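Pasting a structure here, questions to come.
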Amino acid sequence: MPIQYYIYFSLALFSIGIIGVLTRRNAIIVFMCVELMLNAVNLLLVAFSKMHHGNALLNNPTSTAGVEGQLFVFFIMVVAAAEVSVGLAIIVMMYRNTHSVDINFLNRLKN
Amino acid sequence: MDTIQILFFSLSALALFSAIMVLVSKNPVHSVLWLVAVFFAISGHYILLNAQFLAIVNLIVYAGAIMVLFLFVIMLMNLNADAEPRKNWMMKLAGVVSGGCFLMVMVSLVRQATELSGKAALMKTGEIGLIKNLGKALFSDFVIPFEISSVLFLSAMVGAVVIGKKD
Amino acid sequence: MITLLLILTPLVAGLIAFSLKQGSSAKTFALLASVATLAIALVAVFTPGTIGYDAAWLNSLGSRISLKADGMGKMLSLLTAVSFPIIFTAVYNNEYKNASSFYALMLLSQAGLMGVFLASDALLFYFFWELALIPVYFLCSIWGGEKRIAVTFKFFVYTFIGSLIMLIGLLFMYLNTADQSFSLESFYAVKLTAKQELVMFWLFFIAFAIKMPIFPFHTWQPDAYEQSPTATTMVMSGIMVKMGVFAVIRWLLPMFPNAAAQSANLVIILSIIGMIYASLIAIRQDDIKRMIAYSSIAHIGLMSAAMFTNNQTAMDGVMIQMFSHGVNVIGLWIIADLIEKQLGTRNMSELGGLAQKAPVMAILLVIMALANVALPLTNAFIGEFLMFNGLFQYNMIMAAIAGISIILAAVYTLNMVQKVIYGELNATTEKATEIPFNIQFTLVIIVVLILVFGLYPQPLLNLTGDSVSALFVKK
Amino acid sequence: MSKIAFLVPLFPLLGFLINGLGRHRLSKSAVGIVGSGVIFLSFLTSCYLFGYVYGAAANSGTAPINSVVTLFNFIQTDAFTIPFAFQVDQLSVLFLLIITGIGFLIHLYSTAYMKDEAPHHFARYFAYLNLFVFSMLLLIMGSNYVIMFIGWEGVGLCSYLLIGYWFKNGDYNYAAKKAFIMNRIGDLGFLLAVFWLIFKLGTVNYTDVFAGISQLSSFDITAITTLLFVGAMGKSAQIPLYTWLPDAMAGPTPVSALIHAATMVTAGIYMIARSNILFTMAPATQTLVAVIGLATAIFAATIALKQNDIKKVLAYSTVSQLGYMFLGLGVGAYTGAVFHVMTHAFFKALLFLGAGSVIHAMHHEQDIRKMGNLKKYMPITHITFLLACLAIAGIPPFSGFFSKDEILVAAYSSNPLFYYIGVGGALMTAFYMFRLYTLTFLGNFRGTHEQEHHLHESPSAMTLPLIVLAVLSVVGGFIGIPAVFAENQHWLQNFLAPIFAESTKLAEAHHLSHSQEYLMMGIVTLLIVLVIAFAVKSYRNYNNANETEETGLGKVLMNKWYVDEFYNAIVVNPLNALAGLLKNVVEKSGIDGAVNGVGKLVAYGSRQMRLIQSGQVASYLLVMVLSMVVFFIIWFNDATIIKLINKIF
Amino acid sequence: MNAIIFSAILGVVMMFTGIFTNKKPVITLTAIIALVVLLTANLMNSYGIFSIQIDTKELLHFNKIGLFFNSLIIGATLIFVLLSGSEIEKLGNKTADYYALIFFVLCGTAILTSYNGMLMLFLGIEILSIPLYILTGSDKHNLKSNEASLKYFLMGSFTTGIMLMGIALLYGATGTFGMASVGTGALPPSSGVQGPAFLQVAGLLLLFAAMCFKVSAAPFHFWTPDVYDGAPSVFTSFMATIVKAAGFFAFIKLFSANANLLGPTWNILLSFVIVATLLAGNITAVFQRSIKRMLAYSSIAQAGFMLFALYSNNDLGTEGILLYTVAYCLATIGFFAILMKVKDYTFDGFNGLASTQPVLAFVATICLLSLAGIPLTAGFFAKYYMLASVVKAGGPLWMVIVAVLFAAVSAYYYFKVIQAMYFKEGQPETSEITGGFKFGLVLVAAGILLVGVLPSIVLNWFYF
């Protein structure tokens, strides 16, 4: 597959994630959109890793080029998991205090 | 158009559609479910790219663990469609427009990127996505970050306890 | 070593004064310390030749603790050293809350001023420049008048902007020195392109112009003088404004002779506008302090114009005038303070007839007023004569226009004299009494200085002659 | 032995210090003795110097006596040196004599005139007087323009102090201030001339300046002399800077005498006479001097015609007489001008002291309409006053005749028109002086009964100076007998010849034929006598009752041509308005406003900026995303942007 | 490596301390000891006396500057705990956990000072950030704290997404996650020197934006005021100084290697960011009524100055950022320590502090003077080096002048506090102040002054 396709696709997903973050007001959905962005990045990384791997293979059949890209994805997932646990804890804490997860209500702090 | 292409486009279409549905669904539970659909589609992509390990992990960690956690929280809070407050059209429009701008700029950029011409992702073949290879790399070259991510988890754990625990 | 002592004595004394519990002992201590400084300054003045001190400081930066007292430096440290005992004596009767802090800050500002006048290292100079400012800021803000906070802050921000802009200039110069050093000589030796020189000139000049102050950077000054406690006002107008003048002569002119020559016309025109402008405003001032403040702006305007005429006589005049103006204006402030303390007003229209109640003060005030209008045989005449002479040789028309300020000076000064000491007594001035002895003493010293240097200015001219000729030999 | 010259100003200075510092301790008589005594000592020293100069002059022939006594270097710079030095020569000793001599008489007179003052004020008064004389002596004796300038400003200061002597009175203070400031305007001119000299010649010493005159271009000379003349205008009360002098009447009367007769106003004459060579080489300035002098002579005379204050009349008369002196200077009759200074010093001092005597007797009533018939009560005053009037009117053989005649004759040879106008002025002088005389001493007494009851002749300390001055007024003219009467008998001219030698050489001499001169003298004298007779007749039976409101020109004259009002309208008020504008508008709203505006702008910006901080996560993120988009746009259009940046900075 | 290992282990130790004891002072004491151990370990590492050597496969690279900087950070944390430890104790009963999180943050900073590739950068930043989300929200019943925490978390994770996208694009363009992926060949299209590397540029810009967010540079600074304001003061102090400094170090390290290859557009972009940061920080700070919020804005403003080091990218800049870190950390930690003792955080709350608490007022003044960059304080040399580095790098003079003018504006709000303390009347309420605390403050002030007079003591140490 031409790499551009993957890039376009990932960017599209990424942008949808951004749009979601910008438009939704439910903190959980916003957070989900962030996860969407991360997944777009993951896919892109895998695609690139395969691209570099493919290029490297042309010169050196035993090349493992591109493995770091996939490992990076792995670490992203690790981090995402950690973030989710903390993030959901924060959202729950917020909900306990305000009984709302609307981020537009978060405006005690301003100016 | 060969099978891979068909699969690629249909998976992409599914992913994009599901992603948009994540945004537009009023009910948070639906959003979660659409997101799971996205993850499945992406896992499909991984399989296409022969990144089997990641495909599995994606399903287990994301679609399985994380999304369940989300769902769990949403259900805990008993959020439903009515919980979503009144819309702010201006804000939404601005969000869509700026997100669109971002996409447009990036896409036009990639279109100009002549260095990418002729480059392609290796489909179906390639060993690096296999568990064996990844594991080898992970425990040799990437052992430091692997160990260090334990600190991350530790802090997340402590954090979840500190924040989540009622006192 | 003497130069170092000149700075250290007030500095250490200031730090000690902070710790003194009783205000009265701080007062005495400060007076003694300032007298000690005066003694050191006298030693310095009578030591022939340029004296200095040099020690390592920031080697990696190329900055040293390097002090140098040539004629001008000696003269200004003498002015500083003379002024402080006078000021302390004059305010001896005043009760300040937290007196020990007050006197400590005063001494610190003296240390800063001394440092400015003696530093021959640009970074050190900059340090002292600020060190002189900060204590004064606190002095004015804590012990000042009603509107003190806003006014002093304006003063502070104004000068702070100036010094920051100067800092850029210092940096640029430093990075262009051959040996990456802050020393005066290295700075003099920097070679810049014409455009760079011009930009640097203005960076430095703005800082100094704010300090002096030159029209149109002067608006902090009347407010600050009005609101500050008078002791501080004396320091500000008597000595601090000389920092700007001094800095121009010590740093600006030798560093950027070409740019100075190029910009001389503009600077001189600004100065002259300022002179006339300030004089006219002084005519309409009813507040005695503000009047003195504007009069001071006019006088400084002449100095700044004279500095840029590139004329040796004018520079001699500036030297003399720095000293004279410092002494004279302190005298005027002492009287202004006294009147305000005694009668509770500074409005000239509410005063009158003080000559009947306080004849000694009246006489002394008249003499100082005469010095303010630069009457011959007062010290100010010598300076103004030489400066106008230089200005005349630079440009006759400008000199003639600037000369109008001589007339205007007579107008506002005599107005002041008339309104304050002449005329009939009124309800306000009825309760006036003769000035206390310590103030008489200080004023008499000032008057003696006025007259002695008015009749025989040669010692001062000889003292500063080397600085002036060095300035012109260099060119 | 001119080394003792420094004593001349030193004595008055000592007197000033003793009286000034000891004013609370010394008794009045001590003060009087010290005050007058020091002047007398000065006078004696001056006499000695005069003798010395006279003797030396006799030995050296026509060469100037150049005896410069340097005390120390006043200002010494690399560019020039200004010595504190005195010059003793014919011109200065002559003035010394006038100043110390008449000054002494005035001091003496003051001891009686001011005896009602409190002791310390009395001492203050004498201190000022001494200082005045000191300043004037410095002015005269200085051997360079800067020392002259010291005295020049010094007399300005002393006039300020003395005019405002009664400092409780606001009007007096105003007058004092006015005198000082108007003088300062002139001083500025003087100062600029000094700078010009330094600029071109690098020296201000008379000898060096006159020697180096060839290095000056004619423009330089014209400019320098014009500027010097501006200085003289201020000091010697010429148009347009004369208005301070009449107002200076606010001071005690002896002070007026001192200012008008011996000191201060003659400074301008002295200065021009001293710089005669410069003026001679600047014909344009000379014409200016002559025209201004003449105009002042006439102008002031017209005003004097209608004044009712005894001192005001005398004051305008002084302005007018000074005009004559400048006319003399302008037409090159330097000796004549100096001569007139001298004779004028005699009779004007006499007139003022006489007036003082009258005022003293009248208990500070100065309005001549309320006097009359004083000759009955004050015979000595009357006689001496009459003699002075005759002298000033120019009746031969009184002193005024000789000096004025000399000037007028010189004016005629320069330009007959000057002569005719000058004669017109002389006639007016005769008229107003005798109007004054008549109203004061003749007719009926028009004051209150109480005043009449107290009328008395003044004490001898006052009358003695009157008598001395009267004698001088009568005979003083004989030191300058014109050539028409006796060839080469003009003692003064011969004495001063060395001073004016250069000028005389340069100026082409016009000589009138003797017959023509006799004719002119005769006609003028006749006319003056007629005018006097007319004046006496007109005012002999003056009565307050039949006084009518002045109209037309009379009113204008009474109001002094509205010059003060005119000055107020074109200089003082606009300046005040400008100052007010600057203070209240430009400074407050303009410059300070701009400074504060920056502060306000920051505060305003702060208020607006913090609104961006809306607290909404979505909007924060929106800005971030948009910024990234902008980053991309900047990066990929960098060429355009760089060009733009370069254009701006 | 010492620092990373020790901080991780000591973090766990702190967790367990909470299990063994409930006495908060003991916990704090343990933390102090642990910090001293950590500092010693790091110092030993930098002097090569006792350093654990692990083959990091070039993922981490330890150099002198990094180790030295890490020491500074740990030292600052030590001072922070010494001065403000008592404040941490006041926050709930999870003191030990907070300290544990602080140690994890230090682990993150240790990684950030030694990372040698995108992976470790990413992990470092996450290890740094996640504990901070928690610390921000640690005042659980305070809605402001909750809000700050959630805002910080949402924006932080969004930025993580942006950053990852940037890294991904860089990886796509260069095929590596190493430091070389930044810069090489990333010349702007106009330069014409090398073929356009669009992907790399795109990645770079996204990474740049993400890093700007972390150091709160405009226009990515919006989180800063809200989060700093909402977070418990004691952690604001921690975040604003230690964490931020580490972020800066990482930022500069990231872009300094190849920044000179980036060309003029890079400079323009950077100067815009700098000016915008100075503007946003300084101008907005002027109007604040709460000192804490003012400090948040001022920290943005300070970041603007620190960005100069990025711009100049020379020796002076590196020295400057070290000095700036020292000066800024000392002053801010000191001032926050005082702020926390005062009940009312508004300017009026400080009225008359000089008369009731002269020592506090004096030290606060020194801190504020240092923040404003007045000579004789450390802050002067910090700003001095920054300006000097830019001038030396030939940066545009207008930018320097703008910076200087904003420094003058900053004097306005800093001096407002001084004015309140010294020139206004009032009876500020303060919590109990111990002699030890005062002593610590005085030491901080002395340190500020000492560095202000002799900055070489810091720099010489840096050069050994």
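Each chain carries a letter (A, B, C, D and E) given by its place in the written order, and its residues are counted from 1.
Everything that follows uses one rule, which is that a contact is a pair of C-beta atoms (placed from the backbone, for glycine too) under 8 Å apart; a residue touches a chain by one contact, two chains touch by 3 or more.
Because the structure is a prediction, the values reported are computed rather than measured.
Common neighbours of subunit B and subunit E under the contact definition above: A, D.
Using the contact threshold fixed earlier, the set of chains in contact with both subunit B and subunit D is A, E.
Most remote from subunit D, judged by the distance between CA-atom centroids, is B.
Across all inter-chain contacts, the pair with the most C-beta pairs is A-B.
The distance from the centre of subunit A to the centre of subunit E, each centre being the mean of the chain's C-alpha atoms, comes to 27 Å. Annotation: 71 Å between the Cα-based centres of subunit B and subunit C. If you average the Cα atoms of subunit C and of subunit E, the two centres end up 43 Å apart. Mean C-alpha position of subunit A lies 66 Å from that of subunit C. Looking at subunit D, residues 610, 613, 615, 617-618, 621-622, 625, 628, 632, 636 sit in touch with two or more other chains. Touching two or more other chains at once are residues 157 of subunit C. With touch defined as above, residues shared between interfaces to two or more other chains in subunit A number as follows: 3, 7, 14, 17-18, 21-23, 25, 30-31, 48-49, 51, 55, 65-66, 68, 71, 75, 79, 82-83, 86, 90-91, 93, 103-104, 106, 108-110.
Here the touching chains pair up as A-B, A-D, A-E, B-D, B-E, C-D, C-E, D-E. Residue ranges of subunit E in contact with subunit D, taken from their complex: 151, 154-155, 158-159, 162, 188-190, 201-202, 205-206, 208-209, 213, 219-220, 222-223, 225-226, 263-265, 268-269, 272, 279-280, 283-288, 396, 398, 409, 412. Of all the residues in subunit B, the ones that touch subunit D in their complex are 91, 94-95, 98-99, 101-102, 105-106, 109. By the touch criterion stated above, subunit B contacts subunit A in their complex at residues 4-5, 8, 12, 15-16, 19-20, 22-23, 28, 31-32, 35, 38-39, 42, 45-46, 49-51, 53-54, 57-58, 61-62, 65-66, 69-70, 73-74, 76-77, 79, 83-85, 88, 91-92, 94-96, 98-100, 102-103, 106-107, 110-111, 116, 119-123, 126-129, 133-134, 137-138, 141-142, 145, 149, 152-153, 155-157, 159-160, 163-164. Subunit A makes touch with subunit D in their complex at residues 18, 21-23, 25, 30, 103-104, 106-111. Note for the complex: subunit D touches subunit E at residues 602-603, 605-607, 609-610, 612-613, 615, 617, 620-621, 623-624, 627-628, 631-632, 634-636, 638-639, 641-642, 645, 649.
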